[in-house]
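The structure follows.
We call the chains A, B, C and D, going by the order they appear; numbering starts again at 1 in every chain.
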Amino acid sequence: MSHNTFGKLFRFTSWGESHGPAIGVVIDGCPPGYLLTEDIIQPFLNARKPGTSRHVTQRREDDKVKILSGVFENRTTGAPISLLIENTDARSRDYSDIAEQYRPGHADYVYDAKYGFRDYRGGGRASARETAVRVAAGAVARQILGDEIRIAGALVQIGEYPVERSDWRWEEAANNALCCPSAATLPKWEALLDETRKAGSSLGAIVEIVASGVPAGWGAPVYGKLDADLASAMMSIPAAKGVEIGAGFGAVRLSGEQNADEMRKGENGPVFLSNNNGGVLGGISSGQDIVVRTAFKPTSSILTPGQSINRKGEEVEVQTKGRHDPCVGVRAAPIAEAMLACVLVDHKLRHRGQCG
Amino acid sequence: MSHNTFGKLFRFTSWGESHGPAIGVVIDGCPPGYLLTEDIIQPFLNARKPGTSRHVTQRREDDKVKILSGVFENRTTGAPISLLIENTDARSRDYSDIAEQYRPGHADYVYDAKYGFRDYRGGGRASARETAVRVAAGAVARQILGDEIRIAGALVQIGEYPVERSDWRWEEAANNALCCPSAATLPKWEALLDETRKAGSSLGAIVEIVASGVPAGWGAPVYGKLDADLASAMMSIPAAKGVEIGAGFGAVRLSGEQNADEMRKGENGPVFLSNNNGGVLGGISSGQDIVVRTAFKPTSSILTPGQSINRKGEEVEVQTKGRHDPCVGVRAAPIAEAMLACVLVDHKLRHRGQCG
Amino acid sequence: MSHNTFGKLFRFTSWGESHGPAIGVVIDGCPPGYLLTEDIIQPFLNARKPGTSRHVTQRREDDKVKILSGVFENRTTGAPISLLIENTDARSRDYSDIAEQYRPGHADYVYDAKYGFRDYRGGGRASARETAVRVAAGAVARQILGDEIRIAGALVQIGEYPVERSDWRWEEAANNALCCPSAATLPKWEALLDETRKAGSSLGAIVEIVASGVPAGWGAPVYGKLDADLASAMMSIPAAKGVEIGAGFGAVRLSGEQNADEMRKGENGPVFLSNNNGGVLGGISSGQDIVVRTAFKPTSSILTPGQSINRKGEEVEVQTKGRHDPCVGVRAAPIAEAMLACVLVDHKLRHRGQCG
Amino acid sequence: MSHNTFGKLFRFTSWGESHGPAIGVVIDGCPPGYLLTEDIIQPFLNARKPGTSRHVTQRREDDKVKILSGVFENRTTGAPISLLIENTDARSRDYSDIAEQYRPGHADYVYDAKYGFRDYRGGGRASARETAVRVAAGAVARQILGDEIRIAGALVQIGEYPVERSDWRWEEAANNALCCPSAATLPKWEALLDETRKAGSSLGAIVEIVASGVPAGWGAPVYGKLDADLASAMMSIPAAKGVEIGAGFGAVRLSGEQNADEMRKGENGPVFLSNNNGGVLGGISSGQDIVVRTAFKPTSSILTPGQSINRKGEEVEVQTKGRHDPCVGVRAAPIAEAMLACVLVDHKLRHRGQCG
């Protein structure tokens, strides 16, 4: 058991605080013989990187990943892969207020309640900075999964505004700072975020991740379900408050007939006539696209002052200063993609272990 | 790692198929010295039991639990607690069709894809019958949690019809077969289910579980988050397709100000002015009520014939015969309560282990 | 984490007390499609069974195993395999003394120190009766390993008397009640045990288990070493006090040259000129025979009165009455074989999971 | 599951190769609020450090530990503690021969058999260099255990020469390069090692570790036994071939009466009249000293040429050049002490988790 480890056979352990010297991850159980270099991982980190548009926090980190172990002559050896990312833009001076006050919606209070004290600098261990190492682990996972499994993510809603699904193009999502898959929706979201940022407020968002090419048979029954692990993976991302697979909460409104995902004979195995189950039946992949959506709450750090208490239990007014994202969901797609990749490779190995 | 084990310190391993001689669960890591008898567990099993109203499957099981180990003179000893429930009403003759055909929305196809064959009798391991042992484990978990932590569940939506929240009374939920907390909503849902059953169709539902009295500090950061474990726990229940905590997907539509859960000084520690975070901040309990909702898809077993294929890959028409629930969500509340109880006691022990 | 679970991918969870209604085991992660019936498991239980010769405890148990799940039409399904063995000859009346007194060398005192009380009947959870389920799990493991891997065990020392190794014949070990591989040694050990039993005393023993046919490459570096798992497996057997691999403690007296296990080219891969490493190098199998020896202390239950204290802390004299083994090691070979089989199949699956 | 992780609640994950840029360890589950600085860890690393006497390998490493996370204002925060040690004296040029040849007694061949290739530089992941991070983790474990638990180790045998036990003084063991607790034995061992080194040969050794002050009640029955975890911990150390607890293999030669560890009433709880069980009964600590001995084989790297094969399967003669230890056991005591400390703190937390 480990609070900071994810996965069973492809298993990564994350460490590091927002304002420590570095963050990092150790990946254990990676199969041997796969090509891996820093250049392969770096683009995924760049895609998650803060400071790249006006819509996200202005903290500027190079996020240069270093491979410290587990790779020899550019190939994975089967030994643990240690990845390290230095913290270069950690402005500790900004956070003196946080030391004594509990920011509403943040983990400040509960860390003190649990541990007796906390590393308050930039949120310490609770900072979204930790998600960089998930992205790094996900990049390794993608190498093992290979090109036949394609994982892509997009924002499908910001605040009250869903994406125009009839205009969905994956290439578009990869080309704008909001991971918006619709060129028609993009300007509306941009205006919304500009307005929100100027108002010192924040918005929630929903991210949808799709994995194609996953063969039928990954996952396991009962407590090792692929979707149970996906739910855990997504809910572990900071600010996540909901996860759904396939039709998800929308399935509640369907009749059994509408929801059925009927099957027909295809050229290469069965073909499904719909995908309300999101590629998972009984916890096991069906060969259809795996579709998972995660809801992120609005950023808790807002410029509007809020009521709270301090460490002594006294009532105070808290106002966030400095850098923040008006919508944390905007940066969540690369993280959710990475978590999906890690869950998939873990279940690929688990399936191979049990079933050969 | 174990596909059929849930939890870390309070850890239960489930076994059994729908039509085998019995199902059961082994609970390891239970603290010693707690009162435990079959009479304490049985009422929870009775609450989940099928065959008790016209709204649920007519399979009739006594669901009599036997304690085989881990208890001495009515107290837990710290040794593994083995609980066994015999299958008495397993009608294997009903399921000959399933052996060769894949029922849409069921796990038939994926089990064959994964394992090469399957125990098709009554759904085998994928049957909802397995959930009886979760309820039994949950009953043990409640003994460890004690009376100060109260866990209650209710249905909050069937199909398109949400409960009338202004009329919510927990006592009401405990008194009707639909776990409906509103006397005003109940007749509408009953009529809806009657209609659905007669039409041979099915409906989805949303279940809400609330735990009160959980102290601040349970849970852990990053991958050991209380809400990540809750998401996994709920998504592992058969037919679950979505999980949300607190405001959940609704939080997406809130502004940062609306969602903030501001804090004030109370008589016994902090008081929160709202609970959009559902009692969990940064993966750790805040002392507020823990609120989790799970979406269940409409029962896949419907009387309307559906298109599918058989084991040979040939196209067939599949029609479910025999007993089924028109809305599996109706029986889900005791199961979801049990899973929440198990997650809580696990984190109680994990917190105590690390923090004393 | 689980105190009562062994293994990672082939993983079994044991439950039950000496004088409860039954004992049992749940095996999770078993590969699907393997032949398994009660008749396949039973002979291994019979080999371990007490009451079969004058040299072992006269408790008489049928040890009839029942398969409750995970098998369909005589083949493993991939679902958890629940095995149950009823306790039929549990004479609770014999053990009233134990309730209040701490038998020297037994776990009575430490169970009370840890849990506050204990199930004292027949040693409760600490009884060697638990080892029956290890043997059952081992029988399943052997089915997965197949005929190419042969596992055999023998006693190599009782008290001060080592076996005559020049007279070693495996068939002999299978044919006598002492697992003695030498017809020349057997009568000496029998006389020794008769004398010991009559004196109300007891003796220690060393058991040696050999696995042939294990391919090179199973195991893993650092903390997942095959020999580290073997050491844990063997030391977990009641009364075990030492474990060694290959030359073991004897390797200390060898020079580097003597201990080297040089390699030559063979017809089917490398040939080793000796096997001081006992088939494991760097934690990974080398293709040689795996050789592990376990030392068992003399049975703690002896008829000679001993000094001790009771639950109140008062000084008492303790004398074991009733049934006991003069040398627990005599019955240990089938248990140690089973543990080796389980470790091997676990590492077979682990290797396949990571390396394909 | 993780091949490179040790422990359950106090859980560390090791990474790094002999000739990579660094090695390190991530400790998860450490209790919060304990004093921890690099200065506290460093002395333990210095005690293990190679290059400090003529009896050990002349590789010179500073072994300067850096704390990268999990500590704030010199106190553990409960977040994962990442420790990093740079490799500064990695002479890759010495190891070109190893790339193509399999050194007898080393893991070269089995790594190739398992992974298809290997990082051959200095033994890669199989190098004893990894043990530095165990020592670092052990230093953290000692902080949690506190001063009341004292852990000390000594060599008790080199080759055929046991220590003079009547002359045992712990202070002596701490003051010489051989961890020899007897001033009378020391010169004999030194002469023996000098002779062995000059001959280009090597010797095995036995290390004994004792932990005092461990309360009764740590550990757990069946597969979570304290001694089973100790056996695994010790056997995972490079070159270990045997482990024993208390009287260990010697218990085989004792009668039940001699081995009994009778109990009497003491001023502070029970007093034992002997400690043949080495402080562990039924897998649970008894309050006596915990005594564990580990046998290390003679160093496999010897200057005498040996027969082997190369990667192509051709027969070759292998001769180790460069730096090596004539007796790896000489450096093993600090490592074994560290592993014992880690097992103890893990079980301290496990006990607290289950039993409060």
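Operating definition for what follows: a residue touches a chain if its C-beta (ideal position, glycine included) is under 8 Å from a C-beta of that chain, and two chains touch if they have at least 3 such contacts.
Computed from a prediction, not measured in an experiment: that's the story for all the values here.
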item: Given chain C and chain D, the chains that contact each of them; value: A, B
item: Of all other chains, the one whose Cα centre sits farthest from chain A; value: C
item: A-D against A-C, pair bridged by the larger set of C-beta contacts; value: A-D
item: Between chain D and chain A, distance of the C-alpha-averaged centres to the nearest whole Å; value: 39
item: Between chain C and chain A, distance of the C-alpha-averaged centres to the nearest whole Å; value: 46
item: Residues of chain B whose C-beta touches two or more other chains; value: 1-5, 8-9, 14, 29, 32, 78-79, 114-116, 125, 221, 350, 355
item: For the chain A and chain D complex, residues of the former touching the latter; value: 1-5, 8-9, 11, 13-17, 20-24, 26, 28-29, 32-33, 66, 68-70, 72, 75, 77-82, 114-119, 121, 124-125
item: Of all residues in chain C, those that touch chain D in their complex; value: 1-6, 8-9, 14, 102, 104-107, 109-111, 113-116, 125-126, 130, 157-160, 196, 201-206, 216-225, 227-236, 238, 240-249, 251-265, 269-270, 273, 276-278, 281-287, 295-302, 304, 306-309, 313-315, 329, 350-351, 355
item: Chain B-touching residues of chain D, taken from the complex the two chains share; value: 1, 9, 29-32, 78-79, 221, 349-350, 352-356
